[in-house]
Amino acid sequence: MAERRKTDTKAMTQPRYTGIPTFMRVPLAGEDWSGIDIGLIGVPYDGGVTNRAGARHGPREIRNQSSFMRTIHHVTRVNPYDLVSVADLGDVLFTKLLQHPGALDEIETVFAKIKGHGITPLTAGGDHTISLPILRALAKDRPVGMIHIDAHTDTWQMFQGSKFSHGSPFRNATEEGLLDPKRVIQIGIRGAQTTADGWDFSQKSGMRVVFMEEFAEIGVDAVIQEARRVVGDGPVYLSFDVDGLDPIYTPGTGTPEIGGITTLEAQKLLRGLRNLDYVGADVVEVAPPFDPTGNTALVAATLMYEILCLLAERIDSRR
Amino acid sequence: MAERRKTDTKAMTQPRYTGIPTFMRVPLAGEDWSGIDIGLIGVPYDGGVTNRAGARHGPREIRNQSSFMRTIHHVTRVNPYDLVSVADLGDVLFTKLLQHPGALDEIETVFAKIKGHGITPLTAGGDHTISLPILRALAKDRPVGMIHIDAHTDTWQMFQGSKFSHGSPFRNATEEGLLDPKRVIQIGIRGAQTTADGWDFSQKSGMRVVFMEEFAEIGVDAVIQEARRVVGDGPVYLSFDVDGLDPIYTPGTGTPEIGGITTLEAQKLLRGLRNLDYVGADVVEVAPPFDPTGNTALVAATLMYEILCLLAERIDSRR
Amino acid sequence: MAERRKTDTKAMTQPRYTGIPTFMRVPLAGEDWSGIDIGLIGVPYDGGVTNRAGARHGPREIRNQSSFMRTIHHVTRVNPYDLVSVADLGDVLFTKLLQHPGALDEIETVFAKIKGHGITPLTAGGDHTISLPILRALAKDRPVGMIHIDAHTDTWQMFQGSKFSHGSPFRNATEEGLLDPKRVIQIGIRGAQTTADGWDFSQKSGMRVVFMEEFAEIGVDAVIQEARRVVGDGPVYLSFDVDGLDPIYTPGTGTPEIGGITTLEAQKLLRGLRNLDYVGADVVEVAPPFDPTGNTALVAATLMYEILCLLAERIDSRR
Amino acid sequence: MAERRKTDTKAMTQPRYTGIPTFMRVPLAGEDWSGIDIGLIGVPYDGGVTNRAGARHGPREIRNQSSFMRTIHHVTRVNPYDLVSVADLGDVLFTKLLQHPGALDEIETVFAKIKGHGITPLTAGGDHTISLPILRALAKDRPVGMIHIDAHTDTWQMFQGSKFSHGSPFRNATEEGLLDPKRVIQIGIRGAQTTADGWDFSQKSGMRVVFMEEFAEIGVDAVIQEARRVVGDGPVYLSFDVDGLDPIYTPGTGTPEIGGITTLEAQKLLRGLRNLDYVGADVVEVAPPFDPTGNTALVAATLMYEILCLLAERIDSRR
Amino acid sequence: MAERRKTDTKAMTQPRYTGIPTFMRVPLAGEDWSGIDIGLIGVPYDGGVTNRAGARHGPREIRNQSSFMRTIHHVTRVNPYDLVSVADLGDVLFTKLLQHPGALDEIETVFAKIKGHGITPLTAGGDHTISLPILRALAKDRPVGMIHIDAHTDTWQMFQGSKFSHGSPFRNATEEGLLDPKRVIQIGIRGAQTTADGWDFSQKSGMRVVFMEEFAEIGVDAVIQEARRVVGDGPVYLSFDVDGLDPIYTPGTGTPEIGGITTLEAQKLLRGLRNLDYVGADVVEVAPPFDPTGNTALVAATLMYEILCLLAERIDSRR
Amino acid sequence: MAERRKTDTKAMTQPRYTGIPTFMRVPLAGEDWSGIDIGLIGVPYDGGVTNRAGARHGPREIRNQSSFMRTIHHVTRVNPYDLVSVADLGDVLFTKLLQHPGALDEIETVFAKIKGHGITPLTAGGDHTISLPILRALAKDRPVGMIHIDAHTDTWQMFQGSKFSHGSPFRNATEEGLLDPKRVIQIGIRGAQTTADGWDFSQKSGMRVVFMEEFAEIGVDAVIQEARRVVGDGPVYLSFDVDGLDPIYTPGTGTPEIGGITTLEAQKLLRGLRNLDYVGADVVEVAPPFDPTGNTALVAATLMYEILCLLAERIDSRR
C-alpha cells in the first residue's frame, strides 16, 4: 500500500469566503491519486430526474458552502484529517451527457478507478440516478448492504421510457445483484404515489422500510439500533438523499416532500452509525437553483463532514 | 342523486411541471357540476387582511404546486379518487371586488350553489375573511362545529371601520348562529395582541382554545382526542390558516407568528381526524408574494391533499 | 375548411391573478382541434441544454404571466381575437423524456398533427432544441426561411455525444433541407466561443448574421429592412430565443450573454415584420428557476402576444 | 407667513444603514407643521389596485432606500435643503381602510391640512388611486395641469363595481373639474388593453398622450418641450407612476408593462422641467413584495430627490 | 429618581406596514433620556465578523419587522408597557467606524451614558463583538453573570491580528473581570472548529457549556433549571446570538451552524427565566443581506419582545 | 525572461457548471509563478466600504460565474490564450484583516511580488480601497495614468476616522504620487453628495471627469477618443467599479446609483481602448449578497474577459 499523504488543512483556517472552493478546502488531487484514503468527488449529473433539474449544479455549490466546515468534531472530538488522507478528486467529466443512460458508464468508470486506488469515495451528486453506477463499481464483487435516507424508496420502475431514473437506482441495483436487500434499510419514506409498486418492491425484496411516521414514533435511537441490526458487520454503502430531510432544511431539491427529518435528527442518526464497514457514501439531490439562501448546500456539506468522520474513523481503525 | 363521475387521474402520472395546473391536476368542472362529490375551488380574495395582502394569489400558486400531489396516501393507502369524484370548480369570479364587504355576498352565492349540487367544497383562499360567507352558505340551516388551526382566534372585533376582516370571521359566524361555539376547537393560538378581546370572546362563548404552549405540552395525540371530543358526531367544518404553522414552513402569509406547529404535527393531527361529519374545509392565508421558495404553497397543497382524503373517506363511508 | 371558432375573451377581463392560467387566458382546445387558426402550445422539454436546465418549466410560467396580456394592441390597434380563432392546445405530452433525442420525435408528431389541422403554431419552449422537430413537421414539404433572434447562431456541431442540443438545431435543419439558409437572418449574435465553427457555418451556408455590434450600429429600422429583404415573400418561421435580449430583461435563461437587445427594440423589430408569410413561431429558453421576479416569463408572454398579432393579421389578410 | 425652519441634514452624513429611516433622513415633523416648505409624506394605501397589491408597503421601503440620498445635486449643484425647509410628515393614518373608497376621504383631509399650512406635498404612494383625493385637496379652488408619467392613462371607467381604482383617478379628476385636460400631458403610455376607452377619454378630453413609441422616436428633449408647452405657466401637479419605467428598473410594481422608459431618460426629463408652478407631486405604485433587490424603491427615492430639487428651486425663486 | 414616562402605544394599534419603524413602534427618545426604564437601542456595527458581514443592517431591519409586535403577552398576559417606560434610543452613532477596535470605545461611551440614566438597555446588534464594550459599561463596577445562547462559545483567541472579533468577546470580558465565569452558562454550542481552544477556555474558566446535543437530550425545562442555578441571584446579562437557533429560523446570520435550537424552545427558555436580576440584554448577529424572507429579523424582534417582558417584570417588581 | 507557459484551456470546453471554479477556468498557478504573463487574482477585502459590505465575497462569485467565459472574442476574434500565458494566482491571503488599514500592506506585498515576476495583474475585488495598495506596488517607480469607470470619483477625504476608504483611493494615490492626475479620466460619475469636495479635487488636480450626463450626450465613441487623448502613450492602469454601470446590470454592489452606463456601452468602450500601455487592471465592488440572480458577477466576469483581451494583445504586441 502506498504511503498515506498528510492532508494539508491550512486553508481551513482562512476566512471562509476566501480561496478556491474545493470540498472542505482540502487539496485538489490532480492526476496522482496515490496515498489517498478518502476521495471527495462531484458527479454533476441530473439526467435522470423526473421533475425539477438542477442537481447538476450540486457539486459546485456544496463545494462553495463546504468552506464553512472545519476540522474537529464538537461531539466526538474526531479530527478526520488527523486520521486519514483526504483529497478532492474533482468532478466526473463527461463526454456523453446527452446520451442517457450511457453517461452512467462514464460515472462507473471513474468509480472503478477510485476503487482501484483503494480510495473510499464520498460523493456529492447529482441526482440519485448516480448511485447505480457507483454501486456497479463498488459492489462489483459482492452485494453490499445500504443505509438509505430518503423520502422515496427509489425502487420504482420505468419512467418516461427508461429504467434509469432517480426513482429506480435501488431496484436496478437489487436486480443486478449489487445490493443485498436483506441488508438494506430505507429511512424517512413518505409522500403519495400513483402506484404502490416501489414501496411493494422494497418490502417484498426484504428491505427494511422506515416510513416517516414510524421514524417519528420510535425516535432516532431506535432507528439507529434498527439500522445497525439490518446492515450488520458486512460491507455497507450510505446514501443520503437530501429530500429525506424536511424541505425547510433542503428546499433546493427536485422532489420535496413535506413532513421530513430534521437536521438535528439526521446528525444524531449519523453519529449513531460509527464503525460500520463503509465502502463509500453519497449525498445527492442538492439542486441549487431552488435554494435561495444556500442552506440546502450548507446542510449537504455538513452531512458530508459528518460522514467523512464516520469513514475516517473506520479506515483508521482498520489500519 | 346524480351518478358519480369517475375522476380522470391520467394527468397525475405526467411529469409535474407539465400541463395546465388545475388543483391536483383533476379535471376542470366547466359548467356542468352534476355528479361531483368534492369540489376544489379557489377564492382569490384578500380584501379583509389587516396587514400584508397577497392571498389573492393563493389559489393560483397552490394549484401550481399541487401538481406535486399524487393519488395513494402513503400511510392510509387511501386513494381518494377511487372513492369519490373530484373536480376543480375554478375560482369564484367577482364583479364587486372593490366593494368590500359586498364581495363576500358573491362568495356566498357560489357556495350556496355548491351546496345545492350536493358537493362538499374544499377551498383554497384567499384570506380568512372568506370563511364567513362560506359558512353562511354551508351552515345556513343549522350551526356547525369547527376544527380551526390558526395562530389567531379570529374572533376579534372591528378593524379599520369594518366588522369583516380576517381577524373576525368566527366572531361574526358565532353571532350569526352559523357556528356552535361549544363545538369549536381552535388550535395553535399564539402571539401578542393589543387587547385580550378576541381570546376572551372565544373562551367566554365556549370554544376550546388550545394555545401553542398547551399544544407543545400535551402533544398531538392528546389534541386529536380533544378535537374529536369537542366536535363530536355533528356536522363540522375544518378551517386551516397556514399561519398556524411555524413561519419556517409557511413564510408566505400575511401575519406570521414564530413558534408554531410543524408540518409533521399538522399531518398527524389531520390523520387523527378521520370520519368526522365534514361539511367542507378550507386552507387559507397563502400569500405567494412573500414565499420565495414556493414551500408555503407546497405545504398548502399537501394539506389540501390530506384533507381531501378525509372528505373522500367520509363521503364514501356514507354511501 | 372548417368554420372558424370565435375566441372567447371573457376571461381576459377578469383580474389577472384569477382563474386557470391558459396562454393569454384563451380557452383550452381539448380534443377537438377543428376551426382553430392559431394554436398556442407548450413544449416543456429541456433535454438538449448545454448548461443550466429549467426551460422545462417555461410553458407553465409563461402561461402564468401571460394573464397580464389583453386584447387590443396599443400601437396597431389590432385585436387578434377579432381576426382569428386562437386556442391553447396544452402541452406536448411525452412518453420518452429520458430517451433523448427520441423525445424529439414525439414533438414532431404533435406539430405534424397541428399542421394537419391547418393550425399555425405559436410555441412556448422549452430549450431551442425543440425548433428542429417543429421544423421537421412544418417544413417537411419545402425549406422555409427564418427570422432568428438569439445571442447564439445555434449552428454548432456535436455537444457531449449528440448532434441534437440547443446549440445545433439550425445546423441540423439546414443539413436536413428544412431551412433555406439564404433566407435566414440571425439577429443579436454575441459572446465568446471556443471555436468559430458555428459562426462560420452560418456565414458559409449563406445566412445573414447580424452580430449585436452591427445591430447597435445600424439600428432597428435597418435591421427590419434587412430581415424583410432576406426572407422575402416565401414561407418563414420566426424563432425567438430570449437570450437574444440582454439578461437584465431575461435573467431566467440557460446561457445568458451580457450586452444584448432591449425589449423596446425587440418590440419595434417585431412590429416591423408584419405581413410576412409565417408558417409558425416560437419563443424559447425561458428557465423560470433563474427568474426570481418573473420578468423573463412576462417578457416572453408579451413577445408571444406581439407575435400573435403578426400571425393573426397574416392569416386574416389571406382569407 | 411663519418663519421657515432650517432643515437639519446632519443625519445625511452618517453611514446610510444607520438611524431611523425618515424620507431622505430629514427630521420628522411631529405635531407642529409650521414653517415647513415641503412635506414628504407617505400614503400607505393600495385599496384601489386592479391586480397585485403591495403598494401599501411603498412608503416604508422608499423611506428605507431614501437613506442613499444626499444633499447636492451633481448636475445642477442645487442643495434643496439650503433653499427650503423640508420635513417628513409621517404617513396618512387611516381609520377606515376597509371602507373603500371612504378611506380616500381620510387622505383628502390630510392634504387639505397640508395645503392649509402652505406646505407643498411630495408624496410616496400607495397606488395611483391616491392621486384623486390629493387633487381634491390641492385643486379644490381651480383646475390644475399635470405632467403624468405612466404606462397607463389611468382614465378608465369602472373596475369591479367601483369608479375609484388606480385605473381611473384622472378620469374622475377631470370629471370633477380638478384637472384641466388641455393642460395635461401623459408620457410613456403603452400595453394592450381590453377596450380603447381610457385612451379615447384622454385624447377626446384634450390631454396630450405621448405613447412610448413616440417617446422613443422623438427623444427626451422633444418630450420636455412638449410638456412645457402643454402645462404652460399655470399651476401644475406632477404624478410619477413607476410603471412608466421599464420593469427592469421597477419590477416591484402592480401592473408592469415591458418596453418602458429608462431611469436616465426619466432623470433627464425631470431636469428639463425646472421652474414650473408646482402645487405638489407624487411617486406611486412601488410594491416592495415584488422587488427582491430593492431597486424599485431606490429608483423611487431618487426620483423623489430629483422632484424635491424641482419643488425647492420653485419655492425659493418665488420668495 | 425621575418620574417614569408612560409609554405611548397608540402606534401599535395601526396597521403594521404604516408609520416610522422605531423598535416595537415605541416613541423615539430624542435628546431627553430622563424617566426611561428600558432603552431599546441599535448598534449597527459588524467590524468584528470573521466571515459574512451584514449585521450592520440588523438594527434597521429588526426595527422594521418589530412593527409586527404588540402589547399583551399571550402566555403571561404581561403588558410591558403597563409596567415600565420604554423608548427607542436610536442607534449608536460612530465617528471611527474604520478604526476597529477603536469604534468599540464609542459603543462603551453610549452604554455608560445609558447606565448613568438608570436605563436598562435592550440592544439589537450588530455582530457579537459589541457585547464586550456593552459589558465594559454595564459591568464596570463588578463582574456579572451571563445567560448566553449561541452556536459558539465566543471565547476564542486572536482572529486576523485582533483580539476583538465576534469570536472573542466573552474571553476578553472574562479576562477583563467583567464576567464571573462561574455564573455564566452557554447554551446551544455546536459546530466543528479548527482548535478546541475556545471550548477549553469556557470549561476551564468555569463556565457551564450546554452543547446542543445535551440541550436536545435533557430538554428545555432542565436547561432552564441549570441556567437559574448557574446565574443565581446576582446581576446577570442576557446575550442572544441568533445563530444559536437553527438556520432555518435565522438564515440571515454570518456564521450559521445547522442542527440548532427551535424558536419554540427559545421562547420557552426565555419564559423560564423570569425575575432574574437583569442588567441588560442583547440580540445580535442578524445579517439582513442573507435573509430573503425577513424571518430572521422577525424572530429577533420577537425575541426582543420576550426579553422586554422579562426586563419589565423585573424592573416593576423592584419598585 | 522565463519561457512563457501555454495556458491549458481544456476545462473551458466542459459544461460550465462542472469542475473547480478558477477564474475563466484557467489553471491555478500554485507556488511557481514563473512564465506567467497575466495573473488573475482575487482580493477578498471590503474593510473600506462606507455603506453595504459584501465585496469580500466578490472573487469567489466572479470565479464561479466566469465559467461562462470562453476563448475567442466574437468581435475581434482574439483568443487571448493563444497570445499569452494566463493563470489564476488565487486570492491574496490576509493575516491582518481586522487591522484596517494595515491589511492594505498585505495587498501591496502580493502585488509587488506579482510585478517582480513580470506578471500583469487583472484583479477581482474587493472594494475600491484595494486599488491604492495595488497602485503602490505597480506605480512605485513612476506615476501612471488611469482610465477609471465609476459612479464616484473616489477622491473624497476622511470617512469615519480614516483616509483609507473606498471613497478615497485615488485622492491618496494622487497625493502619494502614484497617479498623474493629468493622465486620469473618470467616466460615469453621478449621484448626489454631501459636499463637492471629491468632484472638486478631481477637477482641480487635472483629472478629466466625464459625468454621466456628458457620457450620454457625447456618446461612447467620443468618450473613447477622450480617454485615449488623456492617457496617451504612457503606462496606464484600468479600474472598473461596477457601480459605474446602472444598478439594473449590477445590483450587487455597495453604493448603487441609478442612471448609469449600459453593459453594451461598457463593452464598446473597452473595445475602443486596445493597445494602450496597461500596467494592470481591476474590476471591483461586486457584492454578491445583494445580487440574487448572479448577473452582477456575470457582468464582472465578462468585463474581466474583455480586459484580458486588451492586456493580452498589448503584451503580445510588445514581444
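Worth a mention:
A, B, C, D, E and F are the chain letters, set down in written order, and residue numbers restart from 1 in every chain.
Note that in this section a residue touches a chain if its C-beta (ideal position, glycine included) is under 8 Å from a C-beta of that chain, and two chains touch if they have at least 3 such contacts.
Just so we're on the same page, UniProt names per chain: A, B, C, D, E, F = Agmatinase.
This structure is a prediction, so every number in the text was calculated from the model and none was measured.
Among the remaining chains, those touching subunit B (Agmatinase) and also subunit E (Agmatinase) are A, D.
Taking each chain's centre as the mean of its CA atoms, C is the chain most distant from subunit E (Agmatinase). Note on chain placement: the centre of subunit A (Agmatinase) and the centre of subunit E (Agmatinase) lie 39 Å apart, centres being C-alpha means. Within subunit D (Agmatinase), the positions touching two or more other chains are listed as 15, 17, 52, 56-57, 94, 97, 160, 248, 290, 292. By the definition given earlier, chain contacts exist for A-B, A-C, A-E, A-F, B-C, B-D, B-E, C-D, C-F, D-E, D-F, E-F.
Within the complex formed with subunit C (Agmatinase), the subunit D (Agmatinase) residues making contact are 50-52, 160, 189-196, 199, 211-213, 216, 246-248, 251, 255-256, 258-260, 290, 292. On the subunit D (Agmatinase) side of its complex with subunit B (Agmatinase), the touching residues are 46-48, 52-54, 56-57, 94-102, 159-162, 164-165, 289-290, 292.
Considering their complex, residues 14-15, 17-22, 28, 42, 44, 56-57, 59-60, 63-64, 88, 90-91, 93-94, 97, 292 of subunit F (Agmatinase) touch subunit A (Agmatinase).
By the touch rule above, subunit A (Agmatinase) contacts subunit E (Agmatinase) in their complex via residues 9, 12-13, 15-17, 68-75, 77, 248-249, 263-264, 267-268, 292-293, 295, 298-299, 302, 305.
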